[in-house]
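For reference, the structure I am asking about is given below.
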Amino acid sequence: MIAAAPGLHAPPELRARLADLYAAYDDALGEGDYERWPEFFTEACVYKIIPRENYDSGLPLALLQAESRAMLADRVAAIRKTTLYAPRLTRRLVSSITLRAIEAAGMQLAASFAVFQTMLNEPSTVFLCGRLYDRVVEDAGALFFAERLCVTDSTLVPTSLIFPI
Amino acid sequence: MIAAAPGLHAPPELRARLADLYAAYDDALGEGDYERWPEFFTEACVYKIIPRENYDSGLPLALLQAESRAMLADRVAAIRKTTLYAPRLTRRLVSSITLRAIEAAGMQLAASFAVFQTMLNEPSTVFLCGRLYDRVVEDAGALFFAERLCVTDSTLVPTSLIFPI
Amino acid sequence: MIAAAPGLHAPPELRARLADLYAAYDDALGEGDYERWPEFFTEACVYKIIPRENYDSGLPLALLQAESRAMLADRVAAIRKTTLYAPRLTRRLVSSITLRAIEAAGMQLAASFAVFQTMLNEPSTVFLCGRLYDRVVEDAGALFFAERLCVTDSTLVPTSLIFPI
């Protein structure tokens, strides 16, 4: 169940539905089941990985940008086909998901995340951390991400950044 | 309160009870109160720490395997008696606990975890991360882990791995 | 929604209110909005960052200690004015928040945390991890931290420790 910002009226049912959306997303990515990743977004959507420095300066430069479910699916196909990257596992932890506002354009949420990476025959290390800024909408009775901005604390993002956050 | 997979009917009371089980387990381990650890499992149970590589290949080789509450208690006694290991603290973070299925054999849940280690007079470092695959059952009105598989992303697990996850 | 210790009667409304307090605190700190940090505490309060070694030995020596909302505000002013520290971002993850007891002096909660640090043009690294021990009270219909002890696993806390946890 998702927590809500002070003074925001958020019924328990809505909180539980949002929690289930986030859990299903995290579960799919936790299993490396990237083919399911686009399903959590609306047909037209915004997905960006953008360093904090650019985000705070209003610079549009993103490390990764997709504007539709089809572009996300292309991204997954690229991950599956690439042979340039050494085998690795990524592990995501998400904390303090907060429903900040309920607006006509959707529900605004924020959370903190850390991603760990494990290369073959190496120990696990910190890969990235930062904040998620999400807009969630309802479509035909289900909830979807209309926007997910992954704002990374580090500007120096490793070149191996090909996996969904 | 635990999130549930899409389409799974999970009443709020059950979600809260599962959340309390996980919280009590994490609280006991967070306090280093390992003597309480076996209490969270059924009398006959499965507890394994197994590298992802072996888990995905169906290889049975586990880094640690216990099949009863008594074996878990033995493990704790061994931790308390050992003088081979330098003093250290372990810190566990658990994220995105998801109730995936409710079956006759129990409730299936999954989560992601990271464990940090702190040696005396050293900074904290990443120790392990991975996924938890749990089966929870009800016995005499209380919930217990009948199975907990801790699947580690790294195959190179440090030899100091003697603490419960 | 916050989990509760075994046998503790904690109504869903209270659990949700506590979750919202923790989420609002984490959200403010996640945004680096430190000016809001003192608002989450009672006028007279206890905030300490203390190494596990000292905490377990009953030694009073804390790395940071504040006993009122005004002292917390002073701390924030110091952070804003200092020019001694290189620019950095801190990222907090909090896990397994557990309501342990409801007493006349307030509600006792515990949680685990990890803090990551990112210096300009460097990758993110583990900074600190440990346990939070909180006492939360109700005042004029709202919940506040009357006490937050941040017990760090490492005794060697980096000197750059100027940010709220």
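For reference, chains read A, B and C in written order, and residue numbers begin at 1 within each chain.
Note that in this section contacts are C-beta pairs under 8 Å (C-beta built on N, C-alpha and C of every residue); 3 or more make two chains touch, one makes a residue touch a chain.
Everything quoted here is computed from the prediction, not taken from an experiment.
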| item | value |
| --- | --- |
| Interface residue identity across copies chain A, chain B - same or different by half | different |
| C-alpha-based rotation, chain A on chain C, 0 to 180 degrees, nearest 5 | 120 |
| CA centroid of chain A to CA centroid of chain B, Å | 26 |
| Per-residue multi-chain contacts in chain A, two or more chains | 1, 12, 93, 95, 114, 126 |
| Residues of chain A that touch chain B when the two form their complex | 1, 12, 16, 19-20, 22-24, 26-27, 30-31, 89, 91-95, 114, 116, 118, 120-126 |
| Residues on chain C engaged by chain B in the complex (per definition of touch) | 1, 3-6, 12, 15, 52, 93, 95-98, 100, 110, 112-114, 126-131, 153-156, 158 |
